[in-house]
């Protein structure tokens, strides 16, 4: 075991905690932390494909609906952007004040999940955090609300609570209906697992090309240098990040401005 | 002199170079580096107000036009977003491959300025870098092209070259027309200075509230602790960043999700 | 007097009523009814320029605000589209159910003005109808609400009621503040007159080129044929409508698909 | 046979031609001509579901791609709007100058299909007209171009020409690859049939609720009054149009402004 490369937001988060607690015994490259990963795969890959998967599974439209996005990280931003583009009115729930302010500036309403719950028609959990949506939140939601997860997993939703109701009925492929204590109906998509993985074809192939190219080049670096690195969480090298982005741009026929000697000097003067 | 707080992207960039070269003798807080600054002031403040200033000065519309945005940092992203929202087809020119790829994903065409120049009807320089637009670029542009600067200053445009043509005529308040060697007309807005400062009322007041609140709280910190910091460029403290964002959210009637003990534990487990 | 050509929505509406009541003694061409007029001038001209005028006069931003658009005709759609593009959450108030449903699908909230009033931060009247905003509506609005008119005129706002309060103070150029009976502050822009005319440079020049070209060609037709037409409201001829649109497209370098004999036959077969 | 009700744009078009040629022997209600139909079903139903079906079948993303939309009627506008929202750069090809000008104002490039063909990565035919895309157009397209139809049918694409090449290979479910005479690859989705019908679940259910409600109420009218109407193409009654839109708004919790006596009088005065 020479090292590892981690692809997901929630994985990197857990590895950092492991390292803080002295439990990480190898070096890990945080591929998710690369701009060439999270600015594209998370926003346009997971964000887009989860919204599309929901529409494909339910045959609903978003125009005219209130959609709550819990968490405004890269995935949540992607979900919100695509839902709004399809005509939804988006409400964002966040812990972080700066991300909340971003959501406000992007044209979304900002409310705590408790405050927003009564208006919700569709809820996307996009936090990567266990227990982000609680039984108390669900009890405040209206009859017929749809719950699903984008990016993370079923641990974000109160599945234990819902399953303990012993009212689960599969009403359509990938759609389970529960009756809550208050007599309302809750619909959960794909058992609450990440929509794009459980019930769609995954992210679009072009965006996976970016992420998997980062992984391949990072793996090469681990093979040659991983053994020498002390345990810890390391960034992808800027050279790899840039090389992958440039390859994609070339493929799209895009051209980059050249960093001339004059521009280099201008950037490095004061 | 206890220290300083720097508000602008180009100022922070220069201060970092000074520090690398050992020329910085005081501690400076990079207010521009705070998320509560650059995610709002640069994108929604400068980006929006420069697009609006151009329309106000020229009485043109953007629908149907090709707009080149040189530089896709925060200001460039703001200009591109607002220009596209008003119906322009935006072309982005960048040195950085990852930013260029972002522009591509945001729906813009990506080309070097040389490649894009022949199509340009309006060019916004948003680089903060001297000489970003060269005489050679201008000679490739079509008759009647409009040049202006968003965020930085006239040093981004080839003003020496244009002024040496000795053909300057003021054709409308804040609009100067030049005849190039190739016999084409070039229009420069506000002598090439940053549009929102030179020819508009500056950025909207709400966004300045964010930036100036950061400055005020940072100044307080410099007064009490600045003397003890070694020379260098320091970030705004997360407490200040969050406090300012929270104040604005409260004012807007937005509510934040609370970080419960359960959520805190979930975030810090693996 | 050979005939007339009417440029505005509210003008054409009044002329139709005149004709129904037998009061119209000449032939009038409804230039506003031409697609080459109302799809562009009303949406991109008046819609855009009224939003911009408001921002210019107040130095506010729309990101994060609740904007009520009263009336979802061409001008209202233009105001709503531009306000949403700048980050506002838009609420549309309509009498017509189909237009209201369009607003819902465009991502806006739909409420009667009475229901929406308590949330309003900025209200655009875009109805062309006298008394569209009543004193009762205003009394339900929050402290500091801003009222203005897009496209029509001050008759849409309860100016008599406001002026009778005898509390008018000019607090900024083009901004008048009133204190209501309930002790709240109301701000009116430009005496309530159409924003783009009273307090901006009017519509962008390219969009006026369309409207004034329609007027010029229509005037030519009135000169030659107007005398022979019975009183009534007539449409612009399709030839004029198309000729003006084609001229603008040529100027923009756009090319049209040609109606070949094969396509013509396909369109006219069953 | 008491009469009929026609749901589609191309159906109504053909019926009008039949009537002009004296071939229509019954009365037909043009349900597609109702605002409550074409402003929603065509734009948000067919437009949205065809874009989604393409992404679902191909697992591609639109961000960064050039998409040509042939025809800018309701369906074409819906395709263009959703493709642009997903990051595509859209080129619109039109015969009608006014629709072309709308496309330009909506931020799209406007070119004849011949001019646009070399840049196309994905082509949506949205014309309802046989032969809209010709063999000559296809020969000008780049290697790997994807062809599909939104709203109409395979008759819009040069399927006879492609099939005569005798190179068809199914490379993925619903995707057929052809090699052209020039040695380039062309991919056709779903045999060229309307994407939302052939390869997706059809339009979202809410939008079909509108269309089918119009059909049901129209059928009731045909049953009671159809026998008495002379042959011809008739509009849906405004009462039905409004009743269906109001029902949907009520379901969404939206409220309408009430037409008071004062407003009625204001609308009908001059």
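Read from first to last, the chains carry the letters A, B, C and D; within each, the first residue is number 1.
Just so we're on the same page, a residue touches a chain if its C-beta (ideal position, glycine included) is under 8 Å from a C-beta of that chain, and two chains touch if they have at least 3 such contacts.
This one's a predicted model, so the numbers in the text were calculated from it and none came from an experiment.
Counted as hops between touching chains, the shortest connection from subunit A to subunit C is 1. With C-D and B-D as the two chain pairs, more C-beta contacts join C-D. Note: centroid distance subunit C to subunit D, computed from Cα atoms, is 28 Å.
Separating the centre of subunit A from that of subunit D, both taken as means of CA atoms, is a distance of 33 Å. Centroids of subunit B and subunit D (each the mean of its C-alpha atoms) stand 41 Å apart.
Across the assembly, subunit C contributes residues 44, 63-64, 87, 104-105, 109, 252 that each touch 2 or more other chains. Taken together, the subunit A residues at the contact with subunit B in this complex read 13-15, 17-18, 21, 23, 35-36, 39-40, 43-44, 70, 93-98, 100-102, 104-105, 109-113, 115, 129-132, 241-242, 245-246, 248-249, 252, 254-259, 262-263, 266-270.
Partner subunit D is touched in their complex by these residues of subunit B: 63-64, 84, 87-89, 104-109. Subunit A meets subunit D in the complex at residues 44-45, 48, 52, 55-56, 59-61, 63-64, 82, 85-87, 201-202, 204-207, 252.
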